[in-house]
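Order of writing sets the chain letters: A, B, C and D. Residues in each chain are counted from 1.
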Amino acid sequence: MRIGKQDQSFTAIATSDAESITVRGHDLCDDLIGKIGFTDYFWLLVLGEKPTEPQRRMMDACLVAIAEHGLVPSVQAARMTLAAGPDAWQGAMSAGLLGMGSVVAGSSEVAAQFLQEVLDKAEADGTDLETAAIDSLKALKAAKKKVPGLGHPQHNTGDPRANTLMDLSDEIGVSGKYVETLRILGKHAPEITGRPLPINVSGAIPATILDAGWPLEAIKAVPLLARAAGLSAHLYEESLRSIGFIMSNHADQAISYDGVESSKTQAKRA
Amino acid sequence: MRIGKQDQSFTAIATSDAESITVRGHDLCDDLIGKIGFTDYFWLLVLGEKPTEPQRRMMDACLVAIAEHGLVPSVQAARMTLAAGPDAWQGAMSAGLLGMGSVVAGSSEVAAQFLQEVLDKAEADGTDLETAAIDSLKALKAAKKKVPGLGHPQHNTGDPRANTLMDLSDEIGVSGKYVETLRILGKHAPEITGRPLPINVSGAIPATILDAGWPLEAIKAVPLLARAAGLSAHLYEESLRSIGFIMSNHADQAISYDGVESSKTQAKRA
Amino acid sequence: MRIGKQDQSFTAIATSDAESITVRGHDLCDDLIGKIGFTDYFWLLVLGEKPTEPQRRMMDACLVAIAEHGLVPSVQAARMTLAAGPDAWQGAMSAGLLGMGSVVAGSSEVAAQFLQEVLDKAEADGTDLETAAIDSLKALKAAKKKVPGLGHPQHNTGDPRANTLMDLSDEIGVSGKYVETLRILGKHAPEITGRPLPINVSGAIPATILDAGWPLEAIKAVPLLARAAGLSAHLYEESLRSIGFIMSNHADQAISYDGVESSKTQAKRA
Amino acid sequence: MRIGKQDQSFTAIATSDAESITVRGHDLCDDLIGKIGFTDYFWLLVLGEKPTEPQRRMMDACLVAIAEHGLVPSVQAARMTLAAGPDAWQGAMSAGLLGMGSVVAGSSEVAAQFLQEVLDKAEADGTDLETAAIDSLKALKAAKKKVPGLGHPQHNTGDPRANTLMDLSDEIGVSGKYVETLRILGKHAPEITGRPLPINVSGAIPATILDAGWPLEAIKAVPLLARAAGLSAHLYEESLRSIGFIMSNHADQAISYDGVESSKTQAKRA
């Protein structure tokens, strides 16, 4: 069945024949394996060019910042899934990554789009960034929506990962308009929303990596790749010391049934 | 519901409080972000210790070797899934990783287990590796099973990635009993099976990375993490130049319906 | 980690003890197994009450309408995934269901929301449905957006499934405000958009099943459950007569590499 | 890339043109929508023929038996995933289905294969079923493996769903060699293994549905389709009264960190 446009039948990522594999214009075996680190390769795969030193450092920092934060919901889902199907790591890994939605972990994407909107608004309105940011915050407040990239359920006096990323970004000369926008938002949000709203890691990642030159459309690749590393650690540990069903048991016990009782249960109780 | 044993309710990967996050004994913000590369962090997360220089080089090489090989089935599945649901990168990424099964891509795990079986058999039988390998190959031949880690549908005169990985492994002093076992298998397989069976990348990855000290139980993490990088490139390209539905259309056209005709279709044709 | 509100720790779906399982107020073994059909049970599970006869007939019809339409992208993804990992049906099924996104198959959800928006707009504006529908169509046209629930890539003179569902809905007395809204949209869309835009199955499903009393928030459950049945047929066929890799091969051949040539390839060609 | 055999490029499930859709030899719109129930359609899709009355009743009973059992691990994973990404039902549904592994829920498949093995063994050995069953149980005991289809973590005096299914199967004349085999296993298991091992639902489902004529290779479709219905109820409830993060919080609190303390934490504690 022909769905959608059918006219651009090309890929620019890789090609191969019986003797060689070409990736982004490089011979995989002669030029890449053993000669390029994985972070550089990730950048090359997505963008078609190797990163500069600051770009690689910023990407490494972002990946390290978001890869692991203990037994978060997506890690629990992955470990429960491995406990139920120990032979299918790919299934458990996927169950974990599927939890990278718009609310947690994957929220870097939402924050990236918000930063872009504020920048676009400043340009469209012909105002400075501060005005656009304040207007955007007021609009969110009026719509009773959360501010993407700010606030954290646990680290409510400040997400230490965010601060470290922003400092590094300044230090290595990466910081630009996205970091500036995020800082302006972070400065005005508490007063406008009436809540403590420190910059969080899902705001700092897009701000710093967009300023480093990473494309907005690929922003979700950063937390997804990072968490694949964290999930690997959890799945390995799960295979040695399983806690998937222990967590599930405690979670189950925390919830009560408030539905209708069956006549059988009523009779038994009587 | 209590399923399974409930007694080891521990994790050794990460913990956190409002001010700090500890990962494998390091403070995430003070000691890791900006100070450790992503490959090193992957190793630290899974194994609890930072890799040595040869360990990191071998891991980088394995990840780079398997991250990308063009429009393989799992990449197609991921791109079709993004075309159908452009707002859910996590779903498209998962659809791609779910294709890392026992037959393709994820087959590193099967090869790792086979290498271990040959080594265990040599020890159990009190023979040398060569004898155990030849016996194992004959057993697979008799059972009409494929030899894990050998042969490739496209690179049938030799998988260039495998050779590069094995050479690097020798060069940096990583090669040990797993690489030796794989080479012995590769030497005898063509004669015993009667088919050209060069060492493939899914044999070379477990051989070299196991010799580097990576645990057998976590072997699948290597292709999974690697492919998450390759899939990131494909999903980004898909969002800019979609080919998901073009591929699907061509795939559909290649298959004919050989089921029963409906009476309506019969009538129309008549 | 405490994420979100923590105060409503209840479920009303099921509870159990060592001797009995209660589902929605019924004893599973005494009252349900062997005594209720699966479609009725699906309705009971989601809504807490058994359906009336017209509700069940409408649900059966919707499920049958959307369960199967040949080798669509999500089916291809599922079959390729099973070919790659034959031992993990749950992974292949998931790879298929992940393709139920906003663009295809899962688009019933988008259409449901659009029907609701038109209805809400009529009420908010104090106009009749026709005015609200025309305004909504003009707004979509101006924004260069597709009209949810109308148009089909293959059945461009009319999606036969949609007509059958709408006729049945009239016949069994289910049709109400959602069906009316969809018909009004279908009547005016061709003129306003300048394109033939017949009502499609992803419009007819939400229109008829919402009128039957199914909740808007659970609309996606209908195509997901239905496709799980269609995917079951494809996975079973795939396990007997594999076409996953054949489709993948043809899809691959349809796409050309337009990236940079490696120096190795240049040299070989020269 | 050409992977595997490429010669059987056929499907017998469905085909379509602009005016009509054919499924298993029936015109979808004229003959199926509104005229066939979903359970019958599921059977028709997978097997190519409509079920008899006892076949449909047995399938309905199996689907109803396994669709829902409260907050089991896979349901928790699905609800946590929806809480994290409320806009992607397909992702949450998949996260739930991925937990249908070999250990829980999906274990019907393992039990089906075991029943077949016992039957094949009796035929190969030329013994009666009882002898083959006893030998098979002793072999599992010796290998310290679980007996597929027997035992339950919660219902240890007997899984009520299993008994109901077996009784129904007798009553409607479906019971045959698979049910007989399961009963023989259930009779001898307690003595041979030294543990109470009542027949469980994951044994009774394959036994009864295989006797009804369902194919062994498609056995996993039964729990997968059934759970898609149960998960629908949970995802709808999650969208109205979220408990995903509440469960996750309790699960997290049940697990302690026993890894190395960071120097920062040591200093703080000191």
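Definition applied: contacts are C-beta pairs under 8 Å (C-beta built on N, C-alpha and C of every residue); 3 or more make two chains touch, one makes a residue touch a chain.
On a predicted model such as this, the values are computed, not experimentally measured, just so you know.
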*Could you name all chains that are in contact with chain B and with chain C at the same time?*
A, D
*Over half of interface residue numbers shared between chain A and chain D means same, under half means different, so which is it?*
same
*Higher C-beta contact count, A-B or B-D?*
A-B
*chain B to chain D: how many Å between their CA centres?*
27
*chain A to chain D: how many Å between their CA centres?*
33
*Find the geometric centre of each of chain A and chain B from their Cα atoms only, then give the gap between the two centres in Å, rounded to an integer.*
23
*Multi-chain contact sites of chain D, meaning residues that touch two or more partners*: 1-4, 9-16, 20, 69-73, 83, 85, 87-88, 90-91, 94, 98-101, 104, 106, 154, 243, 245-246, 248-249, 252, 254-255, 257
*Which of the residues in chain C come into contact with chain A in the complex?*
1-4, 9-15, 20, 22, 24-27, 30-31, 48, 69-73, 85, 87-88, 90-91, 94, 104, 153-154, 254-265, 268
*asked:* Can you tell me which positions in chain D touch chain C when the two form their complex?
replied: 1-6, 8-21, 23, 28-29, 32-34, 36-39, 41-42, 45-46, 57, 59-61, 63-65, 67-71, 83, 89-91, 93-94, 97-101, 106, 109, 154-157, 160-161, 163-165, 168, 215, 217-218, 220-221, 224-226, 228-230, 232-237, 239-243, 245-246, 248-249, 252
*In the complex, chain D residues that touch chain A*: 1, 16, 70-74, 76-77, 80-81, 83-88, 91-92, 94-95, 98-106, 243-255, 257
